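Multiple structures follow.
Common to both upcoming complexes is subunit A, partnered first by subunit B, then by subunit C.
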Partner chain A sequence: MAAPRSTTGSTPTGGAPDSPGPAGTPATRRAVVVGGNRIPFARAGGAYTRATNLDMLTAALDGLVARFGLADERIGEVAAGAVLKHSRDFNLTREAVLGSALSPETPAYDLQQACATGLETVVGLSNKIRLGQIDSAVAGGVDSASDAPIVVSDPLRAVILDINRARTTGQKLKHITRIRPGHFTPSAPDTAEPRTGLSMGEHQALTTAAFAITREAQDELALASHHNLAAAYEAGFFDDLMTPYRGLTRDANLRADTSMEKLASLKPVFGKRLGAPATMTAGNSTPLTDGASTVLLASDDWAEQRGLRPLATVVDAEAGAVDFVHGRDGLLMAGVHAMPRLLARNGLTLQDFDFYEIHEAFAGTVLCNLAAWESEEYCRERLGLDRALGSIDRAKLNVHGSSLAAGHPFAATGGRIVASLAKALAAKGSGRGLISVCAAGGQGVVAILEAA
Partner chain B sequence: MTDTYLNLVNSGFTKKLAKQLGLPRPAVLRRHSPGAPLVPGPVLVLADAASGKDADALAATLLDWDLDVRRHGGDDRYGAVVVVLTEVGAPAELGAPMLELGGVLRSLAPGGRVVTVSRAPSDAAPAVAAARQGVDGMLRSLAKELRAGATGNGIVLDDGVGVDAPSAVGALRFLLSGRSAFVDGQLVHVGSTGGAVPADWDRPLDGTVAVVTGAARGIGAAIARTLSRDGATVVVVDVPGAGDALAKVANEVRGTALQLDVTADDAAQRLLEHVSARYGRLDVVVHNAGILRDKLLVNMRPERWDPVLAVNVTAPLRITEALLASGTLGPAPRVIGLASTSGIAGNRGQTNYGASKAGVIGMVRASATALASAGGTINAVAPGFIETDMTARIPFATREVARRLNSLQQGGQPIDVAETIAFLASPQAGGINGQVVRVCGQNMVGA
Partner chain C sequence: MSSDNAGVGRSGGAPVPDDGARGGAVPGMPGEGVPDDGASVPDDGVPAVPVPDVPGLAHAAGMPDAPAPDEPAVELATVPALGGLYARGLAGSARAAATRRTTVRAGDLPDTHVVVRDVRPHADHLTAYQHLLGEPGADALPAGFVHVVAFPVATAVMVRPDFPLGLLGLVHVANRVEQRRAVRLGERLDIDAHARDLRAHRAGVTVEVVADVSVGGEHVWRGISTYLAKGVRLAGVRGGGHDVGVDAAATGSSAHNGRAPQNAGAPDLRAEWEPPLPTGRWALGGGVGRAYAAVSGDRNPIHMSALTAKAFGFPRAIAHGMYTASRALADIGPAARGEAFTWDVTFAKPVLLPSNVNVRVAREGDVWRYDAWDGRGRRHLTGSVTPPR
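Right after this comes the complex of A and B.
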């Protein structure tokens, strides 16, 4: 989706609200990131095994409330979501609000766009703030791979529903006799794409092979992710971005002492039947993770009234999707396609950024994205551009670590990235940051943040 | 943690049994609850022959608080006895009022109070000084005789400070109330007429902003709750690793949480940034963050010595200095340090802790002048045995001995320390500066 900045292609600027547009075009103002809070991410089956999505989202929300003194405040709107969601959690975010220290008069809604859920809540709420519909918002996301919903098989479900509809005991008994032992095999969610039956890892393996990304390049990216995240912790970078939870004070997946040798010793887990050498390991792929994140968004006025310093402006965003079903593009390449549209609308080039946050679903995903933008052929043929978008300065990429080190609780990743990037921009005092998050279903969302 | 023995001797069959066996029976202390009477019965005001005028003035103050005030002992069950000895001129003059007090002690209600009001002996003529100092020994001895949760404390006024001074009145109210439940055998020194009587005694901290370090749990969390109850907006600070407990306290008191290691080089700067950006002012700072790393000195290592000094005394020193230099402090700032009876009497295995806590006492005494120039005060509270997660880890036998070794025969609760801190933070304590107030139930060690 595109941001409602419809009239011009000029670079949005910070500062005062934009002047009123032509009749029928609402005047817009800035939406700023005030801060964030997340709980440390845990590996599935780890510290948060017994925590539900509701528990974790509420904890992340309460930490945010405490940091910014929002107890009893009515926030304009809270939006969050989960990818692996129980049917009982149809109102997950509103329930988390009710369980939190926020005013119970704070409205909330759930959103789901696979792994882009968290980023999309930031985009949607920012747009509401820019339009003046709300003055403050909390965006967020949560996922538990440990407490994943398990559903009964479709045949058993059909029988149960028939029993439920039956009016007499006789009818009920008749339906009960239809139940067979095989019906009791439960179906747990997995990461397989419904239209291809391939797991996300196998899909990425296809793309990784197509771009001929080496094992070494992937391990190097994973190593940098761990080292950058460890360094960020050492520097106290997360002291005002994180609140400990259930005994965890750091992301459990972080291996500060990992090395190229250790990463090289891991056996490939994806792409073992492709003909090309299998390069994707548990070290350069993200593990299943539990966690939650939140981001506080506001108008400048709302922040100022509370003595809160805006960290960054949410400038613009663009969603993309690719036809991975017929193999035209890789499953996780949608961000590649959305990017030129976002850059053009904002009059920017791929090199006009001080920080790049490309979600590390797999090391191969990041490297394929970069390779595609560097490829004249790909940019001309697949993106319809005159020339390649070019390369980026790798020293500006995922400077505080990313999903390979922190882990990736699907819907929580967007909030993690936005809060960290906003803080990095505020610390620098100027500049822009670019975000790209890929998602299941061949989708992706890209966004621009600017120092406030 | 729960004091099972105290519960047993105060309820049901075991209460009867303990009585028959003559076992020590620590009382359930009378603590402050909003709306409850200030004292559990009429207040008797006694005085020596020369102090009648001051006694009249204090009686008038008590009447203003709608208390039932008596000037002569009778058959009542008194909630408190106030003994005014401000003009006593020789030791022999103590006899009459003290014997009169002795005559009514049997009718002191459970949780009752004896409060002496006297003057500091310094610079007085020898006979006057002897009488004034005599109050000190008398009061400390009396406190050890009181039973059923009653306490005895004194207010010591400097010459030139009237009994109507805000802090004389404020200290009297504090010592009469349930807020001073675990303060026993102590003399609170009022050195000036500074401070102000609050508009609302229940919310003396209205409109102020307070910072409490080490606020994630135990005494720190209780301090945050108590300051908030008294009207302050509270910023709670603790190390990032304690952030989850800290967030709960922050949300409970409708304050903000700041995850910060007070020993960090930029701790004072980050604290000031947070407070000035969010609230634009700072009125109360409670240096509560503290750690223990007990070891006999013979086995002491730098990793056990250094952090204790760094957290307990170096951080308060640095932060106080930065606050004074910042210009962020409000018009009547209050700084409160946490000392300990270990810093007064010493404790085996605590050379590091003792050094740090005695260091806090040195800090507040030496900083009093600077705070006074800024219109404020700096004081310390010295807790004795307090029932916290920290003391719950002491081995059973040692813990039982430690918690009984005071006049109230029990450990204090975190709220008891918090109440004294809230008093020192209040406008009515503005005449109390550079002092150490013990909250120890009159611990037998350390005088």
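Right after this comes the complex of A and C.
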């Protein structure tokens, strides 16, 4: 089913969805972003070292409940997720709801799409609101790189499961004798892609080299991210988007005083053996981060009944994926492929936006995305377009800082971006914003928001 | 499809005891130069390969469905256990050494076929293989798994008294698999193996061991493994010889004046070669040889530990060649390679364990090519997967 076309100002704002269309196609209403709340992001091993995903998601959720007066409210549905997830957290989001001030009658589900998790919860819940299945929703995400799950080895797991299945003591003892000392070597999650064995940074280094992105351009983007985030804090932009947690009131990774000189002094960490100059450093790559974010979504009626002002409309979204396994495209280039489809469906060009939020997994990721859209060759050969999508006004890019400065708790990044962009659109009072979030597995999600 | 009472072995035969695959690893299996990913599957974590215990050879003269009319066939009741074959191979190698047989004649190769019928791969064996190699858990058997199933039968050819080369010290230099269609779990495989084509090689003599797999009379899979017997001379051939996988044999310079064997479509591995941008990396732990030994049954000591490998002249354990080639096949993936294809590999420098191996797997036209090389740009293997003509 094609997603509905939306034009600013002409979208129906009624409470219930319109009656079904002639072909049984359900008519839709719009879904709006009412607000958001996150906890400050901490560097891994920092302020949230002992906090679990459940702790942090509950904290972010409770902050949202407090800000919008949702205590004991039955929300239509809550969806969130974590990329690094303990097996015991199979119902992470529902458990967070039960631990929060929301009504225990609020249903919840977990979602996982790597780093696109947070944005995808917004997309899925918005669609439910648009279809009239629910009137309100909370989207979110959380990740802890500090409290990452450690698993026992596969052989030990096999033995333990066999012991559990055994019926007699004799059978159990027989299985126990299969255990070997080597089985106790635990395995921690790493950031390597399962099918290539390369870490995300190593993958990006291949793409960065292929697009010949310079060290200087990457450092400039990192510098802008820190300066923009610092300026946003100074302006009080995050005052109604954040709840302090465990002593943190600002993102711990923010370096307001960083400079090109400081960034230039860092040694490359990825792509050191590629033949091309290594350009990726700890300064222009995101650090491992802990944190959580939430976004309150609703129908116009639901918001109006509670005296809440919608900030932005969730217009449309598109997911994409690329074949990075065989080197056909870079791991983090899927958003590049999804974008022309999203734009065409909505009758827009890449230049028709007032804000661009391109997730800074690495500075090179953003710059490779932009370079691909500017390239006639790439757009023709890889995207099947007639011409390049073109360049964007860099003054509209990540204007309140992005992941290089704030950090990137994988599943929490989407919620951070959606809430910040919705607030920026509301402050401007008009216009559109474009989001692109890349994800592991060669995936990406792009989305359009409009001022409500 | 039912996998009930499936087990590699003759129908109605008892499931093979686990010990069947673990018995007495003995030196003498063809060695290879390849890496493997050992990190994930420690030896004991893999179910023992249900390779059956071995009955003796039974002559099947006059079998109505013998592979070809004029070729003698030896039919085995079940797939032989590699452990016993290795023991026999060791004895044969000792015999060959004792007689100082350094020259063989083209006519020395017998036409004997070794046949095992009604082989039914076991579901757990398939699963263990798929998990180790990174193949999806489908009921279609990966081409490399069929190689594993057929390998004991092929080895049985090489340990027969009439096989002119000693098993000890054979080096696996190249491999080709022609898969007509995917073999599926539950199908009953008839496996027919024979040796052919003794050829002069720069560093000795090569032989091709061919394994044919049929299902209900339909020929579905053929594997051609090229082994090099170093230091052996082919009578009547002066100088040169081909040099497939010559790096695997660790020889010096060579000439190209021999006839090309079937597997010799492979590139010249000693030509100047600039490593391309990798598409991935195999982090091969020290236990990779043991892990692949557990699923393949190939417990050649050169793969099992540094200590046992040193006894055969390697500084550390080396990965099985077919492990690395099968990793590359898995990296290409089922959708890209299709169900019918020709899968080639030529082995160069052995992969010492543990090590990180750079890999490139990419499409060129309608052919998938793969290379694996070490940190200094030296190739371990190169190969391709080609769609049927």
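The rule we apply is simple: the second predicted complex is superposed on the first by the 431 of 452 C-alpha atoms of A that agree within 3 Å, B and C clash if a C-alpha of one lies under 4 Å from a C-alpha of the other, contacts with A are read in each partner's own complex, and residues count from 1 in each chain.
Everything that follows uses one rule, which is that a residue touches a chain if its C-beta (ideal position, glycine included) is under 8 Å from a C-beta of that chain, and two chains touch if they have at least 3 such contacts.
On a predicted model such as this, the values are computed, not experimentally measured, just so you know.
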Inset, instruction - State whether subunit B and subunit C clash or fit side by side on subunit A once the two structures are superposed. - result: fit
Inset, instruction - Name the contact category of A:101: first (subunit B only), second (subunit C only), both, or neither. - result: first
Inset, instruction - Would you check which partner chain A:182 touches, where first means subunit B only, second means subunit C only, and both and neither mean what they say? - result: second
Inset, instruction - Tell me which partner A:154 touches in the superposition: subunit B (first), subunit C (second), both or neither. - result: second
Inset, instruction - Report for A:306: first if it touches subunit B alone, second if subunit C alone, otherwise both or neither. - result: first
Inset, instruction - Figure out whether A:128 sits in contact with subunit B (first) or subunit C (second), or with both, or with neither. - result: neither
Legend entry - First, second, both or neither for A:337, with subunit B first and subunit C second: neither
Inset, instruction - Please indicate which partner A:239 is in contact with in the superposed arrangement: first for subunit B, second for subunit C, both, or neither. - result: first
Inset, instruction - Could you tell me if A:249 is touching subunit B, subunit C, both of them or neither one (first, second, both, neither)? - result: first
Legend entry - Which of subunit B and subunit C A:66 touches, first, second, both or neither: first
Inset, instruction - Pick out the closest CA atoms of subunit B and subunit C after fitting on chain A and give their distance in Å. - result: 43
Legend entry - subunit A-touching residues of subunit B, taken from the complex the two chains share: 240-244, 246-248, 250-252, 254-260, 264, 277-280
Inset, instruction - Flag every residue of subunit A that touches subunit B in the complex, lowest number first. - result: 59, 62-63, 65-69, 71-72, 101, 236, 238-240, 242-246, 249, 306-309
Inset, instruction - In the complex, go through subunit C and note every residue touching subunit A. - result: 40-42, 44-45, 134, 277-283, 331-333, 336, 359-363, 368, 375
Inset, instruction - Using the touch rule from the top, collect the residues of subunit A that touch subunit C in their complex. - result: 153-155, 158, 178, 180, 182-183, 192-198, 202, 206, 209-210, 273-274, 324-328
